[in-house]
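Order of writing sets the chain letters: A, B and C. Residues in each chain are counted from 1.
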Amino acid sequence: MAENVLEIRDLSLSYGDDDIVRNVNLSVKAGEILCIAGESGCGKSTLLKAIHGMDAINVTAGDIVYEGKSILGMPASERRRMMGTGIGLIPQNPQGSFNPLRSFGKQMKETMESHGMKFDRTEMVRLMDSMGLPDGDKLISSRPFELSGGMNQRVAIVFSLLLQPKVLLCDEITSALDVTSGKMVIHEVESYAAHSNAAILMVTHHLGIADRIADTVAVMNHGEVVEYGPVSKVLYHPEDSYTRMLLEKIPKIRREAVS
Amino acid sequence: MKKYVIKRLISLIPLLLILSFFSFLLLDMAPGDPAEKKLAAQGVAVTKEVIEAERIRMGLDRPFLTRYFAWLFGALRGDLGVSYKDGFPVMGKLMDGLGKTCQLAVSSLVLSLLVSIPVSVICAVRQDSLFDNVFRILSFAGNSVPNFLISVLLMFVFCIRMKIFPVIAGDSFSGLFLPVISLAIPMTGRFIRQFRAEIISQLEQDFVTGIRARGVRETVVLFRNVLYNALGHMITIAGLSIGTLMGGSVVIETIFRWSGIGKLVMDSITARDYPVVQGFVLIMGVMYLVIGLVTDLIFVTLDPRTEITS
Amino acid sequence: MKKVISNKIIRKRARRRVYVIGALCVLLVLIAIFAKQLSPHDPNVTSALLIRRPPSKEYPFGTDSYGRCVLSRVLAGAGTTIFATTVLVAVTFVIGTVLGIISGYYGGLADTLIMRVTELFLAFPQMVVAIAVAGILGGGLKAALIALGVTAWTGYAKIARSHTLSVKNENYIAAAKLAGLRGWQIICFHILPNTLFPLVTNALTQIGTTMIGISGLSFLGLGVIPPQAEWGSMINESRAYIQLAPWAVLYPALATVITIMLFNYLGDAVMDLRKAERRN
């Protein structure tokens, strides 16, 4: 049995005085895709923030373990090296990914150099092409504010994938995209997991996406995981009433996805 | 970019016209008759006939606008009229002082930047640390003390009590020290406060989270991203402070008897030698407008988004 | 990991700070108003027998080179400074706000015209203009106030305009228009209340700058005309004999610094409160 790359153990989180997440237990193995689903405000994004650790969120109990090591007590320098190459993040809004004033090329180069990697321009162009961004060579020299939000989002995904993370955190990555680009992006993330044997932790309110790519699904409501298991069980034989209520919206979502 | 530069240069023209008009108007605002004041400043015994002759010689019998345009065309050729007091050209007097004032202004600006940039960076990065709190109090205090007060106190401590510097500095190099410090302290306080706020607002931008989440080294995040984005605002802040510096130099030069343009203008006010005051306003105004234009252009070069929106 | 403080506590602390500093500022204003009653001596009475006396029981801050009581003069100076500052801040506040709201609410030609003029005044260095205007008008408090006021209103105009623009298209304004309210009624009852807080914050931050300006001009002899007491001119009068009577410089200096700091701190506190309120 494969080791868990990322484990969330009994995690409780608060922001200020408000408890947001309570007693969450989740894990992902290499090559596995875990979707965390739930309506907005259920705590799924806060959970993701606690994992990448960039925002000030209080961990009131529990632990987050990456490759057998707690990341909460990790020294800042070690954590910095782990970010991007160990745990990667694709944020929800594309403004959250790049310095708007500096070219993509410069930003990718300094990212790679921070990890002692070499910046390979042709590899980047190739990946951009597969993400529906032709003319990558020109795009690399342009600055984020010159491109649309959807294009920025796809470049952000290219950035994340080029770092070859073992765990990739995706925060509602299709919300800034149209249906076609969204499909393209989801496909690319899925094939990345398959080829690189990486674990994906995807936060989405879109159960259709979970159905399409996930191996396991966790449904969150009011800061707690109400149902957690293989996709075949959670989405097709749900036990929890809240999950069932969410699933009633699925046919509608499927129709949208097809059209 | 080229279009923007041209647009800005054109927008400078009405500002320069208004500035020149305002400067010219200043002389007319002064209470009393200019011819009489001129003669009084020269110590000439005033009789009605002498004043009348002087009025015609000065062209005061001509209509206001005619006089304005005559003065304006003179100003464009570098002729700002002559001093009431000694009859020397105003332009020459101002240019003599300008060099000395620039010594003072540039030194204190450089000193302020050298101190405030590293301090504000550390304060912003280590928010609420001891260092931050100490410098927040110091910069607040520095910003709240008028520079004439600082110079009087510095003079008291260093010239009178400790006798390290001469009371009348003259124009020596050691004389530069206290005036520069007096100008630099409030400016440094203001810079630290404003730079710190600007760097913090950049640090709070969403993209910083994104860059850090990719594991980019913190020095790169700070210097090549956060500070790069803050640079335009910081240059604007420094550019705007030149206006305060110009006013401050009048006070400081008077106190330390530094023979720059500020002392010249105060002496001229006392002697009612108004053409010099008029020339001072015009030259300072033009310099301030040009500096404003240059900082704006630097800002747009660094952040082209502003050009698109404006 | 650092503990995150909730917004509620931040707001509470910010509010408390405003109250405390505000109370101290009010106290200062009261001192200035009752300066006459609080003064041990007449601030303008000179005495050849009492020249440059060090601080004593009868003259707590000593006397100056004309034998005048420094404490009484510092108190009288508080009146001058605070009165002049209040007048200037109030007048520029009203002028700037009216112009800014007209500009934002009516738009069009009025907007273009007012904003052009605002930019014009912003383009000139304030202190240079103030020194020249005060110098040529021949000194006096009125001239100094005009000189400083020439540029001081622009900040209010810009703030008032931008906040008017941001509320102008709200539904309740449209509703008020449908209800038949006139332009000035909408401005008074709906727009002004919504722009007041940022304007007041700006006014508070202007107090310190104004005080520095007034005392600076007076120090140069371009503001208050002696023998009227004003801190800047007191310092200028006394600095020549600072070695003999340092108290005649130090006490007005201290009063200047404390007053400016207090009002600047109030401005900071209110600004922090605004930020804390907006976080929600």
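In the analysis below, a contact is a pair of C-beta atoms (placed from the backbone, for glycine too) under 8 Å apart; a residue touches a chain by one contact, two chains touch by 3 or more.
Since this is a predicted model, take the numbers as computed values, not measurements.
Of all chains, the one whose Cα centroid sits at the greatest distance from that of chain B is A. Inter-chain contacts peak for the pair B-C.
Inter-chain centre distance (chain A to chain B, centres taken as mean C-alpha positions): 52 Å. Chain geometry summary: the mean Cα position of chain B and that of chain C are 22 Å apart.
Taken together, the chain B residues at the contact with chain C in this complex read 15, 18-19, 22, 26-27, 29-31, 140-141, 143-149, 152-153, 155-156, 160, 242-244, 246-248, 250-251, 254, 265-266, 269-270, 274, 277-278, 280-281, 284-285, 288-289, 292.
For chain B in complex with chain A, the residues that touch the partner chain are 206-207, 209-218, 220, 224-225, 228-229, 302-305. Residues 1-9 of chain C are the ones touching chain A in the complex. Interface residues of chain A facing chain C in the complex, by the touch rule stated above, are 15-18, 56-59, 72. Residue ranges on chain A touching chain B, taken from their complex, read 52, 54-55, 80-85, 88-89, 91, 93, 95-102, 106-107, 110-111, 114-115, 143, 145, 156, 159-160, 163.
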